[in-house]
Amino acid sequence: MPAGRVTSFPAHTAQDPGFEARVRASFARQRFMATIGARLLRVGAGEADIELAVREELTQQHGFLHAGALAAAADSACGYAALSLMPAGAAVLSVEFKVNLLAPAAGDRVVARGRVIRAGKTVTVCWGDVTAYAGDTERLVATMVGTMMTVRDRGLTD
Amino acid sequence: MPAGRVTSFPAHTAQDPGFEARVRASFARQRFMATIGARLLRVGAGEADIELAVREELTQQHGFLHAGALAAAADSACGYAALSLMPAGAAVLSVEFKVNLLAPAAGDRVVARGRVIRAGKTVTVCWGDVTAYAGDTERLVATMVGTMMTVRDRGLTD
Amino acid sequence: MPAGRVTSFPAHTAQDPGFEARVRASFARQRFMATIGARLLRVGAGEADIELAVREELTQQHGFLHAGALAAAADSACGYAALSLMPAGAAVLSVEFKVNLLAPAAGDRVVARGRVIRAGKTVTVCWGDVTAYAGDTERLVATMVGTMMTVRDRGLTD
Amino acid sequence: MPAGRVTSFPAHTAQDPGFEARVRASFARQRFMATIGARLLRVGAGEADIELAVREELTQQHGFLHAGALAAAADSACGYAALSLMPAGAAVLSVEFKVNLLAPAAGDRVVARGRVIRAGKTVTVCWGDVTAYAGDTERLVATMVGTMMTVRDRGLTD
């Protein structure tokens, strides 16, 4: 565990036993995740981890990962953490998120971890963090707190 | 002007008369902007506009633009709005930003506009908004407020 | 108008013609607004302005207004801007807000202005700004973007 | 520990061995903390806990604690967590914070806990959470992530 990662979250119970397959199928439809080379690692009840290889195509002007690429991975991690707790048939939309950039993101790869802080009927609040790995070292490079909404009956499915 | 765009900002004066060339050169080094197909439109003192064509490669699971793609464009727009007011030799880094998603982003293209609300010696606060255009219609789809930092003497240049 | 205030917002139409009385009655029930000496100035459709006299009781350690006092006034201004557009019988709750502090808040009084950026059925996004007045001068000291929720059938009324 | 509290944070080492006295003296100068009846409980390196008794004077229109009162306590907790790691002679100012409201805040008292996520030379990022206590039960009611700035040579001391 990297110094600085915030790691204790409540345990959650999923309403839909098929949540993992549902999350993985939805992730597979996110074309932007493929475009940035993101991979969905672990999915748990209220949890989702997404890995992003550090590639030149994702950098900002100083050669670090662009904050937008970090935000994309963390937003999807938070969104899928939230979706894992929603009932079958619901869809998830991001309402808002804030990203704090803690250190320049470089290395081999980053992992964005999304965790549900509180799941409500309509609104779910998630924590996200992004850790960069370079060989044996790791560093917390960004945090997110975001609000996700459970959407029904708008013609959207996840 | 789209209903809903927030548009009045203070007028700023750039310290560096060469700000526009500096901003454009830095934007050209942002590989991630090329990856998502973003184009730097207008650069003014305290202002930068970035256009993103709506393409399938940028979508989330429902076919809308991924919030991360919107955040990337808005973050760069805010960062370059801030950089335009910084002295030559300084570099810009994002400290934090919050994005509120107002409506699903679809259409032909979106424009992210960054505007400096307050420029300080170390910290600059920016407003960003993202408007989606579909034929003759337009819609505000996201807002951002972000903090940018002026960096000197860390081996970074912009 | 102070340099730096963001001032253009969409025009809104209230669903409930009695919105002003409803907002004023709800404000009068906010004991915390009385505690900090806040006064509700103007109420419009999608707009609310709250004034706070600068008093020692509201200061932080350097003698400026505490960020929490600014946040309280701006949160109420945003919440009542949102409530003004909600149907009669609904109640408003804050989901989240971010405050950026732009300058130390001092002077005679501050005015927090809340404006609706986008009103949705469930979620309303608002802009808030806080301007400090000292004699003839004024200064934008804080901004807020916040999310407000329309609540029905939870035993809450506004 | 309440279900839902995020509790693992990095261990920090204070530069100034007299940090606790410095934090307590600064807190005692925050008139607004006295106004809302806040008490500084624990101070550690990178940590500060502030207690607020639930009183009618602090409520919003439905009788819950006003989000501004929660924000005030959490902002001070985050600011003092940050100050504890700053060198003697430095002062702390809030740059920005976001608050997510998770549940209505009621009960006997709330405790706002501030923890440093990352301490930099200029900018420190903190986590804050607010837990409400009612008899034997407790509930996480709000979270904060905020940015604090180390200020020197502006005539401010803490």
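Just so it is clear, A, B, C and D label the chains in written order, and each chain counts residues from 1 on its own.
Please note the rule applied: contacts are C-beta pairs under 8 Å (C-beta built on N, C-alpha and C of every residue); 3 or more make two chains touch, one makes a residue touch a chain.
Remember, predicted model here, so these are calculated numbers, not experimental data.
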When the contacting C-beta pairs are counted for B-D and for C-D, which pair yields the higher total? C-D
Look at interface A-B and say which pair in B-C, C-D or A-C is its repeat, using the rule that over half of the contact pairs are identical by residue number. C-D
Report back the single chain whose CA centre is most distant from the CA centre of subunit B. D
So what's the Cα centroid distance for subunit B and subunit D, whole Å? 32
What is the distance, in whole Å, between the centres of subunit A and subunit D, each centre taken as the mean of its C-alpha atoms? 27
Measuring centre to centre with CA averages, how many angstrom lie between subunit C and subunit D? 23
Subunit C, residues touching no fewer than two other chains: 95-96, 98, 100, 125, 147
Listed in rising order, subunit A residues that touch subunit D in their complex are 3-11, 98, 100, 102-103, 117-118, 125, 127, 140, 143, 145, 147
What part of subunit D is in contact with subunit B in the complex they form? 95-96, 98, 122-123, 125, 147, 149
Considering only the defined contacts, which subunit C positions touch subunit D in the complex? 26-27, 29-36, 56-62, 66-69, 71-73, 75-76, 91, 93-101, 104, 156, 158
